[in-house]
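Each of the next two complexes has chain A plus one other chain: chain B in the first, chain C in the second.
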Partner chain A sequence: MKYKNILIILFFFIFPNKSFGLIEVDITRGNLNPLPIAISPLSSDSSTKNELSKSLNVQDVGLEISKVIENNFRQSGLFNPLDKDSFLQKPDIAHLKPRFEDWSLIKAQALITGKVTYSEDKLRVEFRLWDILAAKEMMALAFTTVPKNWRRVGHIISDKVYERLTGEKGYFDTRIIFVSEKGPKTQRIKKLAIMDQDGFNTKYLTLGNELVLTPRFNPTNQMVTYLSYFRNLPRVYLLDIETGIQEVVGDFPGMTFAPRFSPNGKKIIMSFAMDGNSDIYTMDLENRIVERITNHPSIDTSPSYSPDGKFITFNSDRSGYQQIYIMKSDGSNVKRISFGKGLYGTPVWSPRGDLIAFTKLHRGKFYIGVMRTDGKGERLLTENYYQEAPSWSPNGRVLIFYRETKTDSKGEGFSAKLWSIDLTGYNERLVETETDASDPSWSSLLSN
Partner chain B sequence: MILGRNYKNIFLVILMSLVLSACATQTKKVDGQMQGDVYTGTDTVEYLADGVPDRVFFATNESVLTTASRETLRKQAAWLRKNSDVTVVLEGHADERGTREYNLALGERRANSAKDYLMTYGISSNRISVISYGKERPVDSGSNPLAWSKNRRSVTVKAN
Partner chain C sequence: MIISSGFHFLLIMIATLSLPFLAKKPIDLPPLVSVELIQITDKTNIPFAPKAKKIIEKVKKEEEKLVSEQAPPKKVKKEKPEAIPLPNENNEKIKKLEEKKQNPEKIDDEVKQVSEFEKKEIFDPNNIAALIDKSKEQLAETNMQTDKITQSQDQNMDISGLTLSEEDALKAQIFGCWSIPLGLPYNENLLVRIKLKLKPDGSVVKTEILDHARMNKPGQGFYKVLAESALRAVQLCQPLRVPTTGYERWKDLQLNFDAREMLEG
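And then the complex of A and B:
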C-alpha cells in the first residue's frame, strides 16, 4: 500500500498526433545513434528549496530529480543526455517557453523541463517534454507525492518520456531483488537485498544467518519467493516485503528450490527433489493445492511460465545433459528446444512472449543468450568466464544477470556483480551494488 | 685439473638431473590426485573414525559412484553398523562450473547415490538424511580442475 500513495494527477496532456512526431528513437539497433536530449534542472523557488533541503537532506531537489532522469537515460543506451553546463536558458524560463534556437544550437533534439513546488507537506512536480526541431510541446504531466518519494518521481518522468519517444513502456520505476554476498567463497554470507533499478535505496531483508538463493518477484504485487536454508532445510519461501511476513511454500518432505511466480501471481512453480530426482510442481497460493507437473527420473528444474500462462519452459537433463524444454502448463507435450553445442540452463520466458533467455556453457565459457520459443534464432549476447541467471526488465528490452570475475593476477579470488545488457547485445553495463551481488530479479513497473 | 673439471661437470649433470626429477615427481604427484576428473587425493578428506574417510568424489556432471567411492562407503557402512546409535547427514555438493539451480539438483542426486549404497549395505534409511548445497559450499575456493574435483563430493557428517 505504501507504493500506492503516490498520486498521479493528469495535469494536461497533449495527445500525440503522429504527424507531429519528428523525434523517433530507433530501438531496434541499440546504442549506435543515441538521441541527444537536454534535461534541464527542474526549477523551484527558494522557499521550496529551503523547506525540502531540511527534510530531505538534498540541496536542490529539482536538480537532483533531473539527474535521476539523466542517469536513467544514459544507462538505457538509447539517449545521449547533454551536459547541463552547455544549457543557455534558465530552468524556470525554459519551462514556460523554451527558446528552441538555443536548444538546437547545442544539438538537443528533445528537452525536458519542469518545476517543483512544496506545500502542505506535499511535493508537486510538473514536467514538459519538448520537440526541439518541431518547436512543439509533446507532453506535460504533474505529480503530487510525499517528499521522500522524490527519486521515484524522477523514475516515473523517465518512464513517461521513454514511452513517448520509443513507443514502448519504460522500466525505470522498478526495483531489483538480489542476493548480497560477502566473505570467502568457502564460507560465503548471503542476504536478500532490494534496491531501486538504478542502485539506490538498498535495503537488506535477511540478516545473513542462513543461506538464501534465487529471489524472484511476483509480477503483480510486492511478494517475493526465494530459497532459504533456514534450520538447514532448503525450502521455497514466500515473503511479503511490505510486512516482512514470510512462510514456507507447501509441505514437502525434501528440498524445494528454483521458485518462480505464474504470470498472474497466483501460483508458485518450483522443483522438488526427493530420492535423487527433481521434478516440477506448482502450488496455488489461494487454495494451497499442489500439482505435480513433470514425472521423469531426470533432473527437471528452473521452470518459467510464458506470459499467457499456457506454457512452461524448463531445464532438464533427460537427454543426458542439461537442455531447455518447453511443455504445456499441465505438463503435456514436452519438447526439447535447445540443440546447439554445449549445455543450456536457466531458461526465462520474455514478458513479450517471443523469446527465451538462457545461460549456455560451452568449452569452459558461459554465455547469456536468447532464442525464439521454438528454439530457432539463437543469439549469444555476452561471453564470460562465469555468468548466469538472466532476468528480464518488465518491458522485455533489457536483461540483468550476474557475473563472477577473478580479482587477482593469478586468476584466483573472485568478485560477483550484477550486469545488464540490451536485448540487441549492445550496452553491457555494470549495475552498481554496495556489496558483491548475485541472482537478480527485476520487478514489474511499480506505478502502473 | 682436467680431471677436476670433468668431476665438476659430472656433479653438475647429477645436480641437474636431481632438479629435473624433483620437478617430474612434483607434477606427477598433482596428476596423481585425479583419475580422469575424479579426485583421488586425501588432503581435504576427514575421518569419521580411524580408517573411515568421510567423503566420496564424482566426475563432472556425474553422480555414479567410482570403485574407490564404493570402498569408502562400505567402510562407512561397516562403521555405522558397529555404531548403531549414530545418524548421519549426507551433504551433496557440485563444483562452480554449472548453473546454480541445476547444481542444487545435482548435489541432491549425488548425496542420494551415496545414501542408496549405504542402504544396500544394511544402513536403515531413517538413520540417513540428505541435504544438497549445490555449489554454495566449496571446500577449495580455487578455479582449476583440481579444485573443482575436490568440490564435487558427498560428505557423510555425524548428525548426533
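And then the complex of A and C:
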C-alpha cells in the first residue's frame, strides 16, 4: 500500500499535468475624471412639505438638501454630479429600490437617494448610497435634528458619502473664519466673520472698530485666536464663538502676532516682537505659562505645529532671506528646508502630516505651494499677482487662501477674495463671500 | 547508504524531467530594428532614374517574353466511358496507357500499381463511399496538423503570457474605465489584486479580490475604496478586450491595480 502511494506520487512528478500559468496584468494608470454621481432629490410627503415650507420658508427641503450635497461634490472636483433632469426614476421609488439599469443608462456610477419626514418639531433625514455597477447598497444612515439645521444635514451626508467613496474624511461640515473687508483700501473696515465652508450662513463676530488680522480656529473646540489692534496696540486675542467672550492672550510688553493653536488646542504659539527682534513663544492656556521657543537675532514668525505636536515649522530670515525652517517643539534642531529661488513664508503643516503649504514670492509673483516636510518635492499649485495665507481643510486635501486682484482693466481698483485649490492644482475655485475677504482659516469637522 | 544515494539520484532525475524551467532555454531576443513609417499611395509619382528605368524595362520585357514563351497548360482529355466497363476491358485500357509511357523498361502483364490519376479515371460507383471516407481522412489529417501548430503556438504563449500588443490593448481599455479615487494617500502600500474568470467574448463571469480579508479590517478604508474602484472599472469595461484565440490561456486573468504612480503625480 505504501509503495503504491509512492508510485502514484512519482507518477505525478514524472508526468506533470499541463496547466497554464495565471496571466497577470499590471494596471498602473487610470483616468482622473470626477466620478459620475446621481444625487436624487430626497423624497418627502405632502404634509412634511407643507409643514417645512411654513417653518423654514423652503418649498421642498428634500430637493434643497440634495442641492447642498450636489454643490459640495461639484466644488470638491472629485465628483461629477449628474443633471437632475436626466433622472428616469422618481425619488420615492428610487429610495426603496433603484432600477440600476436606468441609472447606468445615464452613466452614473453611484447614486444617493433619501427621504425627509417631519414630526414632533423634528426633522428626520435618511439616505442611502448605491453602487450602480455592482448593483448594491453601500451605506444607509438616518439623522434627526431641528429643522433649521437642514443645510448641516446636507453637509453631513456629503461627508459620509465622500468618506465612503474616497477613503478619507470629508470637509463639508466645517466653517471658515476670515476677515471681512469693505471700503477703499486706505479706509478699509475689517471685521471678523464666520461662515459655512460653502459660503452660506455668514455671521460677523466683531463690529469693525478695530483692525483684525490672522484669525485661527482651535482644532478641538469653537475657540478662535486672532490679532487685533485694539487701542492701536497689536495683540493676540482669544474669542469663544459660542459665548462671544474674548480676552487678551498674555501680558506681553511688545507686539504679539501670527497666533495659532497647538494640535490639542491647549497652547497658543505666536510671534512676539520687541526692539526689532521677533521670536517664537508659546503660552499654555490652562496655566498661562509662557515659554520662549526661538532665540535668534533674526525675524522668526508664522509658527505652525505638526499634527503630532512634536515639531514646529516657521519662517525666518536668519540665512539672509526669508526661508522655511522646522525644529523640535522645544526649539532644538532647527533645520532649513526651503532652498528654492525666491522668498518663502506662512508655512502651515498639513493635518495629514506629510506636507507643508507655503506662500512663495519670486520675480514679483506670489505662489501657493506645498513641499514635503524635508523640503523635497516642492509643487507650486497656483500663481498670481498677490495671494497668500494658505489654510488646510481638516482632511489635508484642499487649501483655502486669499487673492487680491485689480478690479478694472487699467490696473486700478482692488478686490480681495477667498479661493480654494486642491492638491492636484487643477481644481481652483472662488469661494463666494458676501463681502471682500482675506486671512481665511478652516475649522475642523463640526460633527466628529 | 546505497538506498539513500539511489533516492537522491531518483529525485534529481525527477526534478530534471518534470520541472520545465530547468530545461527552458534562455529567450533569444532578436536585435531591435528601427522602422520608419511612411504613407504609401496606390501609385508612385516619383520618376525612375534613367539607369533604373532601363533595367526595369528590360525586366518587364523578359517577363513578357517568359509569359509568351510559356506553353499553355495541357488540356487533359478525360476519357469518359460510355458504359461501365467490365473488369477485363479495364485491364486492357490500363495496358494501353502503360504502353504510352516513354521507354518502358518492362511491361508486366499483370497490373500491380496504378497512379492516382489513373485510379480516378477508373470510375467505380461502388467505391464512392471509400473515396468520401478517404477525403474525410485527409481533411482530418490536415486539421490535426493545423491543431498541432496552434498548440505549439499556445505553448509559446504560455511562457510569455499575453503578447505585448494584447496586453497593451487590455491595459488601454481598463485605463479608460478606472476612475482613480484621488483622495488616496500615495505613500501607502495599496495594491489590489483581482482574479477574473472570463467568457470567450471577454465578459466577466466572476471577480475575486485576492486580499479580500483586508477589505473589512479596521483602518483599511483606503484599500476598500481602491478595491471598489477597481471592481467598478472591471464592470464598466466589460467585455474586456481579450485576444480572439487561446481562450484556455486567458480564461483566468489577474489584474493588479496600483495607483501610486498616478497619485504621486
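Throughout what follows, the second predicted complex is superposed on the first by the 416 of 448 C-alpha atoms of A that agree within 3 Å, B and C clash if a C-alpha of one lies under 4 Å from a C-alpha of the other, contacts with A are read in each partner's own complex, and residues count from 1 in each chain.
The rule we apply is simple: a residue touches a chain if its C-beta (ideal position, glycine included) is under 8 Å from a C-beta of that chain, and two chains touch if they have at least 3 such contacts.
As the structure is a computational prediction, the values presented were derived from the model and not from experiment.
K.L.:
Identify the partner contact of A:G353: answer first if only chain B is touched, second if only chain C is, both if each is, neither if none is.
P.N.:
After superposing on A, A:G353 lies clear of both chain B and chain C.
K.L.:
Thinking of the overlay built on chain A, is A:G167 touched by chain B (first), by chain C (second), by both, or by neither?
P.N.:
The answer is second: A:G167 touches chain C but not chain B.
K.L.:
Classify the contacts of A:D131 with the two partner chains as first (chain B alone), second (chain C alone), both, or neither.
P.N.:
The second partner, chain C, only.
K.L.:
Check whether A:G208 is in contact with chain B, with chain C, with both or with neither, and answer first, second, both or neither.
P.N.:
The answer is neither, since A:G208 touches no partner chain.
K.L.:
Quick one: is A:G199 in contact with chain B, with chain C, with both, or with neither? Answer first, second, both or neither.
P.N.:
A:G199 sits against neither chain B nor chain C.
K.L.:
Once chain A of both complexes is superposed, is A:G340 in touch with chain B (first), chain C (second), both, or neither?
P.N.:
In the superposition, A:G340 contacts neither chain B nor chain C.
K.L.:
Tell me the contact category for A:P307 with respect to chain B and chain C: first, second, both or neither.
P.N.:
Neither: A:P307 stays clear of chain B and chain C.
K.L.:
Thinking of the overlay built on chain A, is A:G265 touched by chain B (first), by chain C (second), by both, or by neither?
P.N.:
neither
K.L.:
State the interface residues of chain A toward chain C in the complex, per the touch definition above.
P.N.:
Interface residues on the chain A side: 10, 13-16, 20-35, 77-78, 109, 131, 133-134, 162-168, 352, 354, 379, 395, 397, 422, 424.
K.L.:
Under the stated contact criterion, what part of chain C meets chain A in this complex?
P.N.:
Touching chain A: residues 14, 17-18, 158, 161-162, 167, 170-171, 174-185, 187, 195, 221-222, 224-226, 228, 230-233, 235-236, 248-250, 252-262, 265 of chain C.
K.L.:
For chain B, which residues count as touching chain A in their complex?
P.N.:
61, 63, 96-102, 104-106, 108-109, 111-113, 115-116, 130-133, 136-143
K.L.:
Can you name the residues of chain A that touch chain B in the complex?
P.N.:
Interface residues on chain A, with respect to chain B: 184-188, 211, 213-214, 227, 232, 234, 254-255, 257-258, 271, 273, 275-278, 299, 301-302, 315, 317, 321-322, 343, 345-346, 359, 361, 364, 386, 388-389, 404, 406, 411-412, 414, 439.
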